[in-house]
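Listed after this line are the structures, all set down as structure tokens.
There are two complexes below, and they share subunit A, which is joined by subunit B in the first and by subunit C in the second.
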Partner chain A sequence: MIEFLTNFLSTYGFLIVSMTFSAMLALSLYLPLMTGQLSLASPGFYALGGYIAAWMSTELYPPLATGTTFPIPSLFVEMLIAAVACAILALLVGVPALRLRGIYLALATIAFVEVLRVLSLNLDVTGKAIGIFNIPQPFVTKIEYLYISLPMLIVCIIFMYRLERSRVGRAFRALREDELAATAMGINPTYYKVLAFMMGAILAGMVGAVSAHFLNTWNARQGTFDLSILVLAYVIIGGSRTFWGSIVGGMLLTALPEVLRAVAGIQGLPPFLTGFLTEGRLIIYGFLIALGTLFFPQGLITPEFLRRFARPPKASTPTKSKPLQTPST
Partner chain B sequence: MNIALFFQQIANGLAIGSVYAIFALGYTLIFSILGIINFAHGAVFTLGAYFTYTFMGLAFGFNGLLAQQKLPFGLPFPIALVLGGLAAGAIGVLIERAFFRPLRMRGGDSLLTLVSSLGIAVAIVNIIQYLVGAEAYAYPMSALGGLPPSVNFGTPESPLIVRTVQIVIFAVSMIILAGLTYLINATRTGKALRAVAEDATTASLLGINTDRLIMFTFFLSGFVGGIAGTLVGLSVTVTGPYFGIAFGLKGLAVIVLGGLGSIPGAVIGGLVIGLAEALVPSQSSALKEAVAFAILFVILLVRPQGIMGRVQVQKV
Partner chain C sequence: MSNVVLQASKLTRMFGGLCAVNEVSFDVLEGEIFGLIGPNGAGKTTLFNLVTGMTPPTSGRLTYRGQNITGLRAHRIAALGIARTFQNIRLFGNLSALENVMIGQHLSATTNTVSSIVGLPASRREENKTRDRAYELLEMVNLLSKADDKARNFAYGDQRRLEIARALALNPQLLLLDEPGAGMNPNEKAELSTFIRQMRQQFNLTIVLIEHHVPMVMGLCDRIAVLNFGLLIALGNPAQVQNDPAVIEAYLGD
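Right after this comes the complex of A and B.
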């Protein structure tokens, strides 16, 4: 049993940690979406956080003696600096950009991610096309990154759980339901939208900082439009009306390609099917996203679904919220 | 920059800008009718380039399911171009029927359609890779028949050389633009399209078959996308299954710059971005890729409705 477990963890360690990262990236996109803002900027902040950690650990800190691991407190310092830098950038970008609505905001954030990507391809400090490599490792094996990522995820879950029930969370939801009505009730839309945007940016930046160590190298391929799509798919397929949806969506969709690979490994399948399952995994992935929007328009996890597990509702339980809508500007 | 080089850059800019324009029209047509952005458009663009390659009877590379396969016949480039566009249009109709229409029938909102179109784009890109591998494909030099590779518009002493490919691209784009303008402004179908764009419900009450028009719009969109794909492939090469994704993003910059849903806007936006990219000095040519997005970002902040767009008033 123990042997099985160690085998399992060493084979799937990379995947399990990636799943926690994806869940947190999905949350970073879900946060602005709580206020009704479709922002695809998360990969940009993720890339920035990663570059900060990669640069600090390779250039700023003294080189490690052979056989030692990168000190964890230094990693925390990097995460902190990444968080601060992302918060400042989010404030600078967010205040003008969040005047935009719906698809316009989505396009502006795509542009933001692309500009950052091209910049990182051309700056010396980001290592141009090669990127930064040989980022020191704080752990010996990949699965040990769970010591960092799992507490992060748990803190995020507690934070989100409290946020949805706080004054700020209710303001977010009010903005999503009807911005004009919320404004009339005295909610400052710019303040809360930028706040949500900054929270998402900080989370994405911190995940990026850890990911840079986890992946060992960091380059312009890390924060791209492809990742924007992927993270959006996590949130929409998982369910965009509760934060649990983002977490479940992020984990499931990250595991899916590996699951398909495992299915392809089953003995006795006809060769063409095995070939398709290994080579064509992303085809299936794409179609699953397209079909998911058709058959689970609310996502896999909905508030109604969660209520089945909840304690009997108190009298003040908020009524069911409207499904996600984007203003058609 | 000397004057001959400057004019060469202008010619480059006009050629690529005119392709941006017809490609972006594919987005605009669908946006003006359905109010959605079809992210699969970039993938259809790629498909168009591959279809043309296939119709020319050229063999595929060593990877993928169709390795070394080719059609038993080869068509001349102009016919293959049109057929490639038609095939891409058919794929557009297929996407509409299989994915967008069911979503619409269920009353799914536009965000879901966007995610769905992203999923389709991922699927198409990987189907291409599965079938013909990830390598680059180039149309043969003989594609343009007996035309010389470049034309000198200057004198032998001060040459002003423009690649023939650029002229062909510009000419084909202009023909497509003229055709579309005629179709939309001067035919019954065009009138019906404009009516549906204005108000789909009212248009259907007035006896316009909106469903068929939406299919037709997807066909047109796929057609111009496929043609644009072939033209860009002719100018550079078809760089692999991801060929259209970066181009698709730039197309978004074009339509926002021109104004979402505006047809003249898409043309102006395409030419402006094509010229702006061409005029980036060659020392910093690596930053060229960012030009379109920088313009997009600034336009969104300064004038979100674009050059030709209408300001939408939010109603309670």
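Right after this comes the complex of A and C.
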């Protein structure tokens, strides 16, 4: 049993950690979407966060003695700096860009991602086309990255859970439902849109910082337009009306190619099927996404779906009363 | 003499070559129910959009309690205590009735963004207060039993009442109602009139009301302004307006 577990973790360690990253990247796109902004900028901030961590750990910090691992506190510092840099950049980009709506905003944010990519291809500090490699490792095995990514994801879940129930989250959703009506309620659209955009940028930047270590190298192929579309698929397939959709979508779609690979490895399958499952993985992937949008147009996880698991709604006792007392035991 | 709450002077709004509101000037007095009538396309809704900052005026000036509010953005105007409903109901359709009314209380919060997300005790208390207040307002418009239902699933009349509850949630001093009686039968309109008077009493409101049904306007309003093709053609108490030749012309002549 123990042996199976260690085998499993060493085989799938990379995948499991990737799944947590994907879930958080999906959240970083979901946050601006909460205010109705279709922003595909997350990969740009992800790339920036990654470059900051890659540069700091290879150029700024003293080289590691052989046999030692990269100190975790230094990683935290990188994440913090990535977060601050992404917040500032999001503010600078967000204030003008968020005047655009719908598909125009999507295009502008794709352009933003592209500009960052071309910059990173041409700057010395980002290592041009080669990128930055030999990024020091804080852990010996990949699965240990869960010590960082899992607490991050849990904090994200708590944060999102609180956010959706708070006055700020309600303002976000009001803007998404009907911006004009929201302003009539005194909601400042610019403030809340930029706030949501910045939250997404900070999260993407921090994920990028950890990812740079995780992937060992960082270059212009990280955080491109492809990733924009992939992350959008996470959110759309998972369901874009509750943050759980982003998490489930990110995790499932990241695991899917591996599952297909595993299925192809089953003994005794006809050769053409094995061939198709290994060679045609991307086709199947695309096909499943298309089916998903057809049969679950709202995404897999909807607020209605979640309500089935929720505690029964509080009896709406009206008025004047203090908050409901839970029966004492 | 009562206080002037809202003053429009030479307010104008052009849409391309079309003058939707044309040099309109009037005062709305504290505590009155001020009717706004006129044929379709006369510019009534545009006038509401101007007052609430949703459409900037082409020229002219708007004053609220002596303060110049011309060109102020909509959320700033809401913060001054001006609330409205919409002719083509604009609820937050995917949210519950309760959430709609809670969002209406957005401005009454005293705790900040961070505290609200983290859920500090002060914010939690505020959250409970907001919820209780929302239930109270829903009870007032007879929608308490539907508090948890999605707004978009409401019947038309319920949506209108929910929109009024949401507007009241702002604790406004000036309330603009754009055809609140649309689609109601005469009985329901009579009930609505009673309800509007009650609201004014209970919340110390000044109300501006757009309504096509002449008997309702005449019975309910203290003063009435008549718009036609963007122009203010009459202003006065119901009896004056009813007998004004220009008004008769606008409504009967072609």
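The rule is simple: the second predicted complex is superposed on the first by the 314 of 329 C-alpha atoms of A that agree within 3 Å, B and C clash if a C-alpha of one lies under 4 Å from a C-alpha of the other, contacts with A are read in each partner's own complex, and residues count from 1 in each chain.
To be clear about the criterion, a residue touches a chain if its C-beta (ideal position, glycine included) is under 8 Å from a C-beta of that chain, and two chains touch if they have at least 3 such contacts.
Note that the structure is a prediction, hence the values are computed from the model and not measured.
In the superposition on chain A, contact of A:G265 is made with neither subunit B nor subunit C. When the two structures are aligned on the shared chain, A:L107 is found in touch with subunit B, with no touch to subunit C. Legend: residue contacts after superposition of the two complexes on their common chain; A:P71 is shown touching neither subunit B nor subunit C.
When the two complexes are overlaid on their common chain A, residue A:L232 makes contact with subunit B while staying clear of subunit C.
Judged by the touch definition given at the top, the superposed model places A:L282 against subunit B, while subunit C stays out of reach.
Contacts of A:R173 after superposition on the shared chain: subunit C is touched, whereas subunit B is not. Contact with subunit B, but none with subunit C, is seen for A:A97 once the two complexes are overlaid on the shared chain.
Judged by the touch definition given at the top, the superposed model places A:P189 against subunit C, while subunit B stays out of reach. In the superposition on chain A, contact is made by A:R241 with subunit C only, not with subunit B. Between subunit B and subunit C, B touches the greater number of residues of subunit A.
Shared contact residues of subunit A with subunit B and subunit C: 180, 323.
Subunit C meets subunit A in the complex at residues 52-54, 73-75, 78-79, 83-84, 86, 90-95, 98-99, 102-104, 106-107, 109, 113, 116-119, 123, 126-128, 130, 132, 135-136, 138-139, 144-145, 147-148, 166, 170. Against subunit C, the residues of subunit A that register as touching in their complex are 159, 162-163, 166-171, 173-174, 177-178, 180-189, 195, 241, 313, 316-323.
Of all the residues in subunit B, the ones that touch subunit A in their complex are 35, 37, 39, 99, 102-103, 106, 108-127, 130, 245, 249, 252-253, 256, 260, 286-287, 289-290, 293-294, 296-297, 300-301, 304, 312, 314, 316. The touching residues of subunit A, when paired with subunit B in their complex, are 38, 96-97, 99-104, 106-108, 110-112, 114-115, 118-119, 121-122, 180, 225-226, 229, 232-233, 236-237, 276, 279-280, 282-283, 285-294, 297, 323-329.
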